[in-house]
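Every chain is named by a letter (A, B, C, D, E and F) in the order it is written, and numbering of its residues begins at 1.
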Amino acid sequence: MIPDHLTILIVIIPLLGAYTTLLAGWVKRRFCFPIAMVTICIQFCISLALLYQVMKTGPLHYNLGNWLPPWGIEYVIDPLNGFVLVVLLFLSLLCCMYSKRSIVAEIEEKKIVGFYTVFLLLVAGVCGIAVTGDLFNLYVFLEISSLAAYALVASGREKKALFASFNYLIMGSVSACFILIGIGHLYIATGTLNMADLARLLPPLYGSPLIQSAFIFFIVGLSIKTALFPLHLWLPDAYSYAPSAVSALIATVMSKMGVYALIRILFTVFTPAFIIMEIPIMELFCWIAAIAIIVGSVLAITQTDLKMMLAYSSISQMGYILLGIGIANSVAMTGGILHILNHAVMKGCLFMVAGAIIYATGLRTIDDLKGISRTMPLTAAAFFIAAASMIGIPPTVGFMSKWFIALGALESGQWFFVVIILASSLLTAIYFWRVFEYMYFREPDMARQAAVAGANDPPASMLVPILILAAACILCGIFVAVPLEVIEPSVTRLLGGN
Amino acid sequence: MIWEFNFALFLFLILCAIAAITVRNLLSAVVILSVYSLIMAVLWAEMNAVDVSFTEAAVGAGITTLLFIATLSRTTRRSED
Amino acid sequence: MKTWALVSVLLVGFLLIWAEGDIPAIGDSDAPAYNYVADRYIKEAYNETDTPNMVTAILADYRSYDTLGELTVIFTAGVAVLLLLRRGGRL
Amino acid sequence: MKQDVVIRTVCRLIVPFIQIFALYVIIHGASGTGGGFQGGVIFASAIILIGIAFGLPDALQRISEKTNTLLSCTGLYIYAGIGILCIIFGGNFLGYSFIPLPLDSAATRGLMAEIVEIGIGITVMAVMTSIFYDIAVKEDM
Amino acid sequence: MEVTSFVPALAVAIPAIASILILVFRHHECIREGWTVIASFATLATVLSLLPSVLSGNEPGFTLLEILPGLSISFRADAFALIFALTSSSLWVMNSFYSIGYMRAHKEHGLTRYFFCFAVAISAALGIAFSADLLTMFIFYEILTLSTYPLVVHAETEDARRAGRKYIAYLLTAGIFFLFSVLVTYFLTRGTAFLPGGILTGHGSEALLTLLFITFLIGFAKAAWMPLHSWLPTAMIAPTPVSALLHAVAVVKAGVFGIARVAFYIFGIDLLSVLRLGLLLGIIASFTIIVASMMALTQDNLKKRLAYSTISQLSYILLGIALLTPSGIIAALIHIPFHAFMKITLFFAAGSVIIMTGIENISEMKGIGRQMPLTMLMFAIGAIGICGLPPVCGIITKWYLALGAIEAHQMLFLLVIISSSILNVLYFMPIIYTAFFEKPAEDRGIREAPLFMLVPLCITGIGSVLLFFFPDWPFMSLVKIAVGVITGEVIP
Amino acid sequence: MIETFFQSLFLRYNYYMAVIIMLIGLYAMIAKSNLIKKIIGLNIFQTAIFLFYISSSEVTGGTAPILMSDPGTVYVNPLPHVLILTAIVVAVSTTAVALALIIRIYETYGTIEEDELLVQEEKT
């Protein structure tokens, strides 16, 4: 009985977990973490089972309330969902584990209950977005996860996080409104909210301004969520002032969810036939992504704060994913989707390392990191591996996705994008190399000596996620065939419309 | 649906919206917003969306306004723009 | 800031007004939105759910999962506000 | 404000009516305008009204923060629980008609929708009150 | 003949495993260094075990994993690869001993990091040697870049960091060009495997292929051809064994090896001559040979002079490749081990001098040959070899190079070779003269370096001489097989 | 030409009105410096979108979607109503969170003007 319902359980379990966390927290605060951890663990197992099932039997459909799709809400899992779910939950699991100790210093003790409740709600929202086959349902879950993210960003002691969170809220709401307008346009034009149904009904209407404007609203709305370059302004503050576990969570899970939604809407609702034929906007989209790659890197170079630098680097890396999607041939798409995994793994690791350093020393600017490798060798090594992956040095996983995206650009004859991708690798190298040099080859300043010398590798609950992610950077690179096995069918499915 | 009536309501709506964002006193702005919500509720009722209208009256004009006022009481009423 | 706001507002406005010309007229009973999915709700809601108010029928039955989501949104907001503001008490 | 006897008396008088009205709205949702959400909001405004007229401690006495938390979860449990009940009886999530009641499928659905609406009402009431408490309370409380 | 065998990968794996063991035993000096030595011998033995099979014409190798069709990580030990692998692994043995002696004598810090990175670098160099396709080579090429960076910055002074930045900036940028080239190659041919005769023939336009060759050349900036050479003299700030690693064992050799691989196995001789790319490479090489030699003349710092000498010598190899004739290719390939042996001797000697006297400038080395006779004798052997005089192996290169130039009817290049020999003599002889024939200012009680340093020095020096007398064993035999494969002709 | 344009305008004036209100709200969200004004703008924006949806549910001669005994009754489209009910809840939730943030910002910085906040952030 249960196996048929895994599709829905993956969302229901964290929801129930969240309610329970709040109640259990009232009884005893220390119940919260185990509940959250167990919940996400179960979810992760479910996501693996789902992926296995999808790969074996093809897409799974689940009609909520036993209503047939255009009337009721439908959950669909195809290889892409399955893959994204596994990535998201893997990262959520590690972030949750990491948060146990890391939030002690960053969050008032009393707030732990709320923190884990909201944490689970965020995970639930993100999973809901990933599995849903209904546009309005996507909007609802988008709001759950967004609200949770705003609260988490502001949950720490950092003052600046408040204003950052507020800006995030404003931009997030604008984006949600745009998405709502887009959904409205599609509904008015076709009368349905089901994605598969829309894909079936839309082709005769492709010429209509209503559909085209809906498309633009979706793209703009989701670009805000993914922080595509000119709309990225909310991102750096939100990422860098949030508690470190939250930074890691939203930098990986939330942003990936935005990208997933974008892919879903671009390729499942509006089929590739529409994107490629009807609207020249994809060309523009690619260019914007290319600019984002460069500008993000350049801004990252100018930063002095480690987390801020990582935040800007996120903008650049999201540009890669969007470029891969924008080029929209199978190789580049493969690269783009692979980069979802990569970026989650690498950025998760980097933000966790930044958090671990703050945890151990209280230092957060790059200048302060001098000589940290002596006292925190494992952390520094993890940073190095993740940064190498970010630069795209083989055999790390970052190399493989860059390879695919660049090859895709070559195949579509867009040499310029190849140059952009390679040039940005260099820019990435510049800002990571600086940190690397400071960590390994400098003596700490006088003022910081005590803090650095007294530091240690963080406790196991923080160190283990960091090391797992660092190892994943290399293992996913060497055994890239494993994720590709899932990504390739999903790309074929996405592009299969034409 | 009487379009003249609707049209008048629309004009009121736009006026209220503009007033709500231009008035310097935040308390007035919030009250105007609540009036805006009420007009919206009337408009929707008139468009046969009774449930939505009811909700908007309860939420938009009720709870939201209360929350705004509670916030103002803890912050400030003055606005620079 | 103001100029940027104006520019973006004008862009959005242009986009919307361009699109709105294509919407079926108000009250058009031939509109696709009225004739596809909604048609079944109107015709069958009472037979299938025993609820005369179609809005409630859809809200609590056909699309009740959305409503669970909505309820969770409000729950999230509650916990978020609690997380941000509450000083006294246990949580 | 606390001295204002008129307001307090009027409040005391109308609050029960508001609450009854809210319950009516929740129950009446199936056949007429209204539903769990609207009813919950109205119920919450009754409590908020007490809070405004008598001061928050009075309101807190009626519904404490703990009750709020409990209620907000209870509503959600009711909702999700019915969904899971449907799974247990062999349907899909929220497939009400699978719940074995001595009624025909449509009636079962209608009944379950009612219960769900009550869940919505409870949660909305609790959360709205709780939000108001949090926003209105100064930190020294 | 392709034979499936894991031995090439084993040779790559041994130093990698050793590096981990070094990290594990970081608190026990002797065990840590013991692992280095054991690993170096084990690696050498592994590489040597490949020799008989390769000499009989086999090409043992296997594919580790195939990422996409035509894009795989695979290893193959052909004669060509073995030349480089044998050079690196045999010199690593020498270098391990020398490192232990040098670093202990110098009381250096961070030795764990040093030995760790050294082992990784060797692993990467062997990976480059045994890679059977461009992707594998690229992976190891980048690992080599990264693992040598900490070695260059070892001193952790501001100068060292600056040198490190320059090093990494040059080589990572080059890596990007390399990546671009690999991408374009894969895009054009859907394959990256090295095949004798090349894989690019018939793909892409002439302009594109020319561009591709140039990006490949930039990609192999490790070959230190001018004007992409300036990272090499700057990196002299590193400890001397590291310089030896850079100049003799792994890094620059990886660059020229890569260029040779790409030229012969990706482009192929025919395509290169059709596109006249040999001429392009020849001009670059000639320019580098002459200019670098002249710059070497102006250096007073011994290690810097040696660095410029390396730059010029590397371009001998490039010139040999550029000639595209059998003799030229023989010269190019045989110069890889020969130059390595001679240059490592020179660096070992220079390092011993620095350790024992603290002197780095040539002008201060008056009479040092009398105080450290054995060291300076070996230095002289290396210098004579580089100059191309008998009885040291350097002359064999020059001979084949000249022969190649004549075969290719490129008298200009012949002129370059001759004039560069003269320049070599000009910049080496003053050192020998100063060391042996000038009187020391005062007796500072300078003695020979400790045995840990002296023995490797003597072995490499004598090795250079022996290679002159017995070039066939094993390098020339390998070269002949390799050239036979590359040109399709049978070399006697 | 002009006539058809006006006719089109007349047939869809609800939508155009909604668009105007949306733009007012959006402008306030971006341009206003006062944080509460931004939230007011957000509310206006969202309500305008709701208006847009509700307009699309309208059917000439329709009645509210509550079953009447007369079988010939024409009902308006109930689906947008449901969607908007949900969206209203989302709107009020967002507003609540935003207001909570504003209170915290005021407690921390003593102001809720964006430009002053930026100045203060520069300083620290």
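Following the convention adopted for this analysis, a residue touches a chain if its C-beta (ideal position, glycine included) is under 8 Å from a C-beta of that chain, and two chains touch if they have at least 3 such contacts.
Just so you know, these numbers come straight off a predicted model, no measurement behind them.
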Moving step by step between touching chains, how few steps can get you from subunit C to subunit D? 1
Per the touch definition, the chains contacting both subunit A and subunit D are C, F
Can you name the chain whose C-alpha mean lies closest to the mean of all the C-alpha atoms? A
Based on mean C-alpha positions, I'd like to know which chain lies farthest from subunit B. E
Taking each chain's centre as the mean of its CA atoms, which one is farthest from the centre of subunit F? E
Select, from D-F and B-D, the pair of chains that is joined by more C-beta pairs in contact. B-D
Cα centroid separation, subunit A vs subunit F, in Å, comes to 29
So what's the Cα centroid distance for subunit A and subunit E, whole Å? 44
Go ahead and note the Å separation of the Cα centroids belonging to subunit B and subunit F. 10
If you average the Cα atoms of subunit B and of subunit C to get two centres, how far apart are those centres in Å? 19
Would you mind listing the residues of subunit F that make contact with two or more other chains? 13-14, 22, 26-27, 33, 55-58, 60, 62, 64-66, 79-81, 83, 85-86, 89-90, 92-94, 96-97, 99-104
Subunit A: positions in contact with at least two other chains: 15, 19, 22, 26, 64-65, 136, 140, 143, 147, 150-151, 154, 181, 187-188
Among the residues of subunit D, pick out those that touch two or more other chains and give their numbers. 31-33, 35, 37, 66, 69, 72, 76, 80, 83, 93-94, 96, 124, 128, 131, 134-135, 139
So in the complex, the part of subunit E that touches subunit A is made up of which residues? 65-67, 73, 135, 138-139, 142-143, 146, 150, 153, 156, 160-161, 164-165, 168, 172-173, 175-176, 179-180, 183-184, 186-187
Subunit B-touching residues of subunit F, taken from the complex the two chains share: 13-14, 17, 20-21, 24-25, 27-28, 32-34, 36-37, 39-41, 43-44, 47-48, 50-51, 54-55, 57-58, 60, 62-66, 76, 80-81, 84-85, 88-89, 91-92, 95-96, 99, 102-103, 106, 111-113, 115
Sort out for me which residues of subunit A touch subunit F in the complex. 136, 139-140, 143, 147, 150-151, 154, 159-160, 162-163, 165-166, 169-170, 173-174, 176-177, 180-181, 184, 187-188
Subunit A to subunit E touching residues, read off their complex: 388, 391-395, 399-400, 403, 406-407, 410-411, 418, 422-423, 425-426, 429, 433, 437, 440-443, 478-481, 484
List the residues on subunit D that touch subunit F in their complex, please. 31-33, 35, 37, 124, 131, 134-135, 139
